[in-house]
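This report concerns only the one structure given below.
For reference, chains read A, B, C, D and E in written order, and residue numbers begin at 1 within each chain.
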Amino acid sequence: MQTAIAVPIDIVLVLAAALFLIGFTGVLVRRNVIFLLMSLEIMMNACGLAFVVAGARWIEPDGQIMYMFILSLAAAEVAVGLGLVLQLERRHRHLDIDAASELEG
Amino acid sequence: MATIVVDGVEFEVDEGQNLLHACLSQGLELPYFCWHPSLGSVGACRQCAVIQYADADDTRGRLTMACMTPAKDGTRISIQTETAKQFRASVIEWLMENHPHDCPVCEEGGECHLQDMTVMTGHIQRRYRGRKRTFENQYLGPFLNHEMNRCITCYRCVRFYNDYAGGTDLQAFGSRDRMYFGRTTDGVLENEFSGNLIEVCPTGVFTDKPFSESYTRKWDLSSAPSICAGCAVGCNTFVSERYGRLKRVHNRYHGELNGYFLCDRGRFGAGFVNSTDRIEHVGERVEDDLFDVLDGEVGIAKLAEMIRQGDVVGIGSPRASLETNVALKTLVGEAQFCTGMSSAEESLVDLIIQTQRATSADIPSLSDVESADAVLILGEDVLNTAPRVALALRQTVRNRALNLAGEAGIPQWQDAGVSSHAQGRLNPLFIASVLPSGIDDIAADLAHDVPLNLADCGFAIAACIGEASGSEPGFVRKAAAALRSAQNPLIVSGTSTRTRAIVEAAGAVVAALESAGKVPRLLLVAPEANSFGSGLIGGGLDMNAALQRVASGSTKTLIVAENDIFRRAERERVEQALCTVENLVVLDSLDTPTASLASLVFPAATFAESTGTFVNYETRAQRFYCVFEPRNAIAPSWRWLAQAATDAGRDDLGWRHVDDVLEAVAASPNMAGVRAVAPDAGYLGSSLCKTPRETPRFSGRTAMNANVNIHEPKTSVDEETPLSFSMEGLNRDQPSALLPFVWAPGWNSNQSVFKFQQEIGGAAAGGDPGVRLLASGSIGTMPARSASVRSDGGGVDTGFRLIPVQAIFGSDELSSRSPPVVERSSAAFMIFSPMDAERLGAAQGMGVSCSVLGATFAVTVDAAMKSGYVGVSVGFTGAEGELPDGLIALAVDPNYRPTPNPHDRVIARG
Amino acid sequence: MEVVLFYIAASIALITSILVITRTTASHALIYLIVSLLAIAVIFYLLGAPFAAALEVVIYAGAIMVLFLFVVMMLNLGPSQVAQERRWLEPRMWVGPSILTLILFFEMVYILAGTPALTSGVAVSAKEVGERLFTTYLLGVELAGFLLLAALVGSYHLGRRYMRARREEIG
Amino acid sequence: MEVGFIMILPLVVGAMLGALVLVWWERRLLAFLQDRLGPNRLGPFGVGQMVADLIKLITKHDWVPPFADRVVFTLAPVAIVAAMLMGFAIVPFAPGWHIIDLNIGLLFFLAMTSLAVYGVLLAGLASNNKYSLLGGLRSAAQMVTYEVFMGLSIMGVVILTGSFNMSEIVRAQEDLWFFIPQVLGFVVFLIAGIAEAHRAPFDLPEAEHELVAGFHTEYSGMKFALVMVGEYLSVILTSAIIVTLFFGGWLGPDFLPPIIWFSLKTGLFICFFVLLRAAIPRPRYDQLMSLGWKILLPITLLNLLVTGAVVLLAKG
Amino acid sequence: MISQLVSLWKVFLHLFASNETVQYPSKKKWWWSQPTKVMPYLAPRYRGRIVLTRDPDGEERCVACNLCAVVCPVDCIALQKTEDENGRWYPEFFRINFSRCIMCGMCEEACPTYAIQLTPDFEMCEYDRNNLVYEKEHLLINGVGKYPDYSFWQVAGKTISGKNKGEAQNESPPVDVHSLLP
């Protein structure tokens, strides 16, 4: 049985929240799709952190399982997202997300 | 113009020509041997075979020799048909059956017409296994090697030597495949144009002996266009160099001057460039005959100091370039400048210039000479003073045959037909001379007398031309009649007897012909290569005045540029002047008596090492280009003078390149044309477009200097001329003044020259080089007959009167220091009448000493010599300078031993 | 003492995350993101989730981020792109959102603060995770599989069209 | 959590020395395989060559191209070496001879190999040179691809052992080395290991004939040396892991101490790596990829399926 | 796949094969090689150091025809023709700049007299480049080289002392020009 340390759970949650909000700010502020995707990664990672800390609080594997689901979600998102990035680059020769608002009508 | 069809392609060609000529001029490759543009066709070699078709429907055709078939309109031939090709290949194969296996040791290898034609026909292997026929060779003198095994029986040699050059001692012997071309016995080939056999022979039977001694293949020679410095004709030459030594001189085709041929003085007389007598360093005399080598800069500083002190007299030279003379003249000022000709020479040259300007008669080029139909030679021995003119005169008289052939409808190129139709009929040539000359055999009539009488004879002819008939002696009447009835009469005279009256008489004859409504031509031969250049530049002092001024002690410094003063005035006068002057500065290429008296000696570049301009007898300025960079301190004279003057504070001689000097030359009167003589250094702009002196196959570049320094130096850049010292550059379509050698793909021999002509035998591509400085048309007055002091000849008791006699080998200062010319020339000689010889007790083979000249002469007896007069070979030891006037005592020298004549040496060379 | 490790890792994660969203060069931002992920992996390990930590490094940092970097390399963004990013990152662009998120952050701190509990300090081994994953969450695993399959097909579709268009462009 | 701190220094020194010796040994062995002699001028059997090489690399101009991304360019080789050295942390050289005996040891190894990609990738990206970029791209795709099979191929071992712990894996092989039941896993792991270490024949990221020197074209001096050390470290590490997972680690007859057994086995595999370089030509890039996805992936999945089934059957 | 394994095996076997490397110049014999294998075998046609050979009669073969110089692609041969009292042509100097020579053998191909030949000697390194300039005295050997029986002067129709006209191979005696026979 491997040991672990005990950390005040609120600190970890605040950390998760902070990371989430940093990612969120990134999503709001950046216009480059690459940076948007990176910010999204930060946000998902923060969610994962929250789940893991919950799992650690209750000594249950569910937290890590949820983290794994988030991981697969992130993988899927990145795969599609980067595909879109390449498309965007091909069509517009730059990566401004505003340029992708073609469906506006 | 005629239209001919060759292999289905139509060509516009000259109708008067044969098919070979027509095909070659259209750039078609057709092999040949015996045909030569100057010699015509004889159809001897069967090499130019083509198939001729009767009409467009004829598919078989018949084999004809292109050189013997006229290029008529509508002629249909094929060069490429297999039958013709096979025939030509067989001809080569037969020729090669007996050809020795010796190309590696043949001087013709690499520029051999036979090699080229063998390659062209495609014969590559000897099938015949039988034995080769061989011949013994002959010793032919110092100029030529003989290697009969290589002969292909094209007959070019005897056709040139006998028919064209008038030689008698080279013959074709034998029959069938045992034809032998040579002399009856071993011995020197006597004709003065024997050297042309080197170029005429399509293979290596006659090769250049001096060149063979330090032989270099043609592809290894770096060459430049040059001008012969041997006489006043100014023949165009290719001069070639390797390993810093001049290797050979070849003919450079010039449509108006030398054409295809040079004389032997020009071809073999340039050996002085390699002489051990060359001055190679700046020297300062410390004792008699002892010089200290100075650094160039130090020497220039010393000269600059002398110039700064003032009182400088300069003596130029008629054998130096215009550039050097003008540099010296600019340096010392006109009043202190002497042209360097002797007083007699100078007055004659001035007289000639005055005469030529006064008549409306053109100065004929040599091609004009050949088109004359009656000639009078007055007092000049052209074969010895301007040999190439004599060769042209031979064609002048032979051209009667061409005119007759034209009347009879025989094509001019049909050599055998033309000459057999003429039956020896010649154009009239009258020779009035002191002594019999080498071209007497073609003369219609001869007169031999002393110079002043010859002048009288000339004036008599002039008088006779004006009268309808006269009671004059036969020669005068015949000459006058011939000249009067001619279309293009030609008068030839010159300076060789140093007699003004003869030139005046020639002028009078021309004036008489003009007033008789003729268009005469007047050719007056000047003594040296640049005599007319010097004469046109002029100077404030003549030689005697200059020497007098120096001898009087009022002159501190005397600068002598490329001149041996001892050849220009009497010995005592010169010695007195040269020993009086404080500073004697001599710039010269060879060690001369003058140079050995100098206090300061500068090494001057010869024509082969410098770039400059000569003015020939027709006042044609021609540029010669330096062939190689001179060794040690040697530099062009004008460069030494300009450098010293600049150091002395003068700002009018700040010349860097020869083009700057030419600028100064062009500023002198009559000299405006010199800049147009040849392209300047900026020709075509880029240094990449310079014409390479080296051939495209030049070899050994990384090893030539490896023994000195293994690090290959940067190729030296020639900033002065449009030529480069390397293989790189643009060797195509340059004006013929810049042509460094002739070579065309597939044509390694000099036969490729037709690729550099506007039409075959016509003007050189880009025009014949050179610019005439004096325009034709009469300016000034014809000089009147001067009152000459008549003096009778002497005798054994009173002494003899001396007449200068010129020799082709020996009289010229520079060529007589070339080893093969030395070997060919005789010892200094005197020519006596038989009576005088008998009275003096002298006979052929004995020696006569002359106390005034301080030398001993070999005795020659000639019946044509007038009693009381003695012909003295000038330019030889003891008679280098002007002959003294008055009666000169002579005595038989009992101690005289005839120098063994090297020509008697017969070396069996197999 | 090991709590200190946690705080160090946490502050690294925070700082690098901020750096990620403020960089103008994509590759630099990615490197910071990777460092951030590594820091969080350390936190996972410290919190007693070694399996999650390993996955974080292997999959997140080792695969997903490589994919990112791969795309960045393919795009070959030059200095012009950096200049453009700098233009886009003007203060008027980021001040407003940042203030809003800051307010949000303090709200969350307010909500979360005062939760007294500590984490357990007991690690959950990989074995337990695996067992639970393939029993209780089997359906989730299947769904995740479908999701990944869909992403695979989708990205292949996007990339394939891209490649074809590229080929036409070149050819 | 026991950490063998005392092992760190000898291990780092040993690994570095090993890499250094390998520089010489590879050239030497390669030469013998090609009927040559290899470096033999300096010292006995040419061992001085490695010192000479070292001196040369140290004294060479350590040049950073002006167009490169300076910081990243400098960090990349460090990342390569650091990741590889970290990987050694979980290798059990002998019973108790390890730095850390992690429960997730195998996962840690995988994590470290996946981090090693970054060194190569960043080197390629930071050099700002087309050959380096192409090398970086190739290595990214290649390493991500082969990491999948590497991870999957050792899952069979994990199933058999029931643990990620390296020491337990070794102990589980007391009866039978895993390369017999896991022969497919071994083959796949071997191939993936070569690809991960980008050694010949899978050295496409640095293929000299096409890409000059691939991702390290612009490197020189000590930075280049670090890149090379990283490569040799990964050879040693991969060999050590193969031995641990499939050839019983330190296990062997008693007449030799376990560490010797471990070293011998590892050395043998290092030599095998050299043999591969001498014998097998480099495949084309698409061949490499299709080999991975079309052959190795099915094989590993099959291996995993069979192993799982057998284990379940044995338990059931 | 099998072929890969086979090649692995075959390459592995080479570990036990003898080495091709010759430890030149420190060892001219390798301990496991055959005793005869002191140096690698160099064929007579190996293109090494250039020599000038002599005729069977001991005279210089080179006739200074310049063909080697012109064919040399690096222009590293320079020579000057001269002639001796026997009428034989020979080089006054013959210089090869070996620092430029590429041992291409074109000179040997071009030589009409078999004088210039390339030998299997390749040991001609120098510390000073100047020592790589070989003059005739360095190039000339006392032997006939590869073509022992060939003598150019016995083939060529040019006379030298000791061989008059008509005495070369395949030549008939000189024609008597004065003969009147047809």
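Methods note: a residue touches a chain if its C-beta (ideal position, glycine included) is under 8 Å from a C-beta of that chain, and two chains touch if they have at least 3 such contacts.
Given the structure is predicted, the values throughout are model-derived calculations rather than measurements.
Common partners of subunit B and subunit C, by the touch rule above, are absent.
The greatest centre-to-centre distance from subunit A, using averaged C-alpha positions, is reached by B.
Closest to the protein's overall CA centre, chain by chain, comes E. Ranked by number of C-beta pairs in contact, the top chain pair is A-C.
At the far end from subunit C, in terms of centres built from Cα atoms, lies B.
Spacing of subunit B relative to subunit D, judged by their CA centroids, is 89 angstrom. As a whole-number value, the distance joining the C-alpha centres of subunit A and subunit E reads 80 Å. Separation between the centroids of subunit A and subunit B, computed from CA atoms only, is 102 Å.
Subunit A and subunit D have Cα centroids separated by 32 Å. The multi-chain contact residues of subunit B, meaning those touching 2 or more other chains, do not exist; every residue touches at most one other chain. For subunit C, residues touching at least two other chains, in rising order: 50-51, 55, 63, 67, 72, 74, 125. Touching of two or more other chains is recorded for no residue of subunit E.
By the touch criterion stated above, subunit E contacts subunit B in their complex at residues 63-67, 69-70, 72, 74-83, 87, 89, 92-93, 95-97, 99-100, 112-113, 129-130, 132-133, 135, 152, 155-159, 164-166, 168, 170-175, 177-178, 182. Of all residues in subunit E, only 4, 7-8, 10-12, 14-15, 17-21, 23 touch subunit D in the complex they form. Considering their complex, residues 1-15, 17-19, 21-26, 28-32, 34-35, 37-39, 41-42, 45, 48-49, 52-53, 55-65, 67-69, 71-80, 82-87, 89-90, 94-95 of subunit A touch subunit C. The residues of subunit D lying in touch with subunit E in their complex are 29, 32-37, 275-276, 278-280. Every residue of subunit D that touches subunit C in the complex is listed here, in rising order: 69, 72, 102-104, 107-108, 110-111, 114-115, 117-118, 121-122, 124-126, 133, 136-137, 140-141, 143-144, 147, 151, 162, 164.
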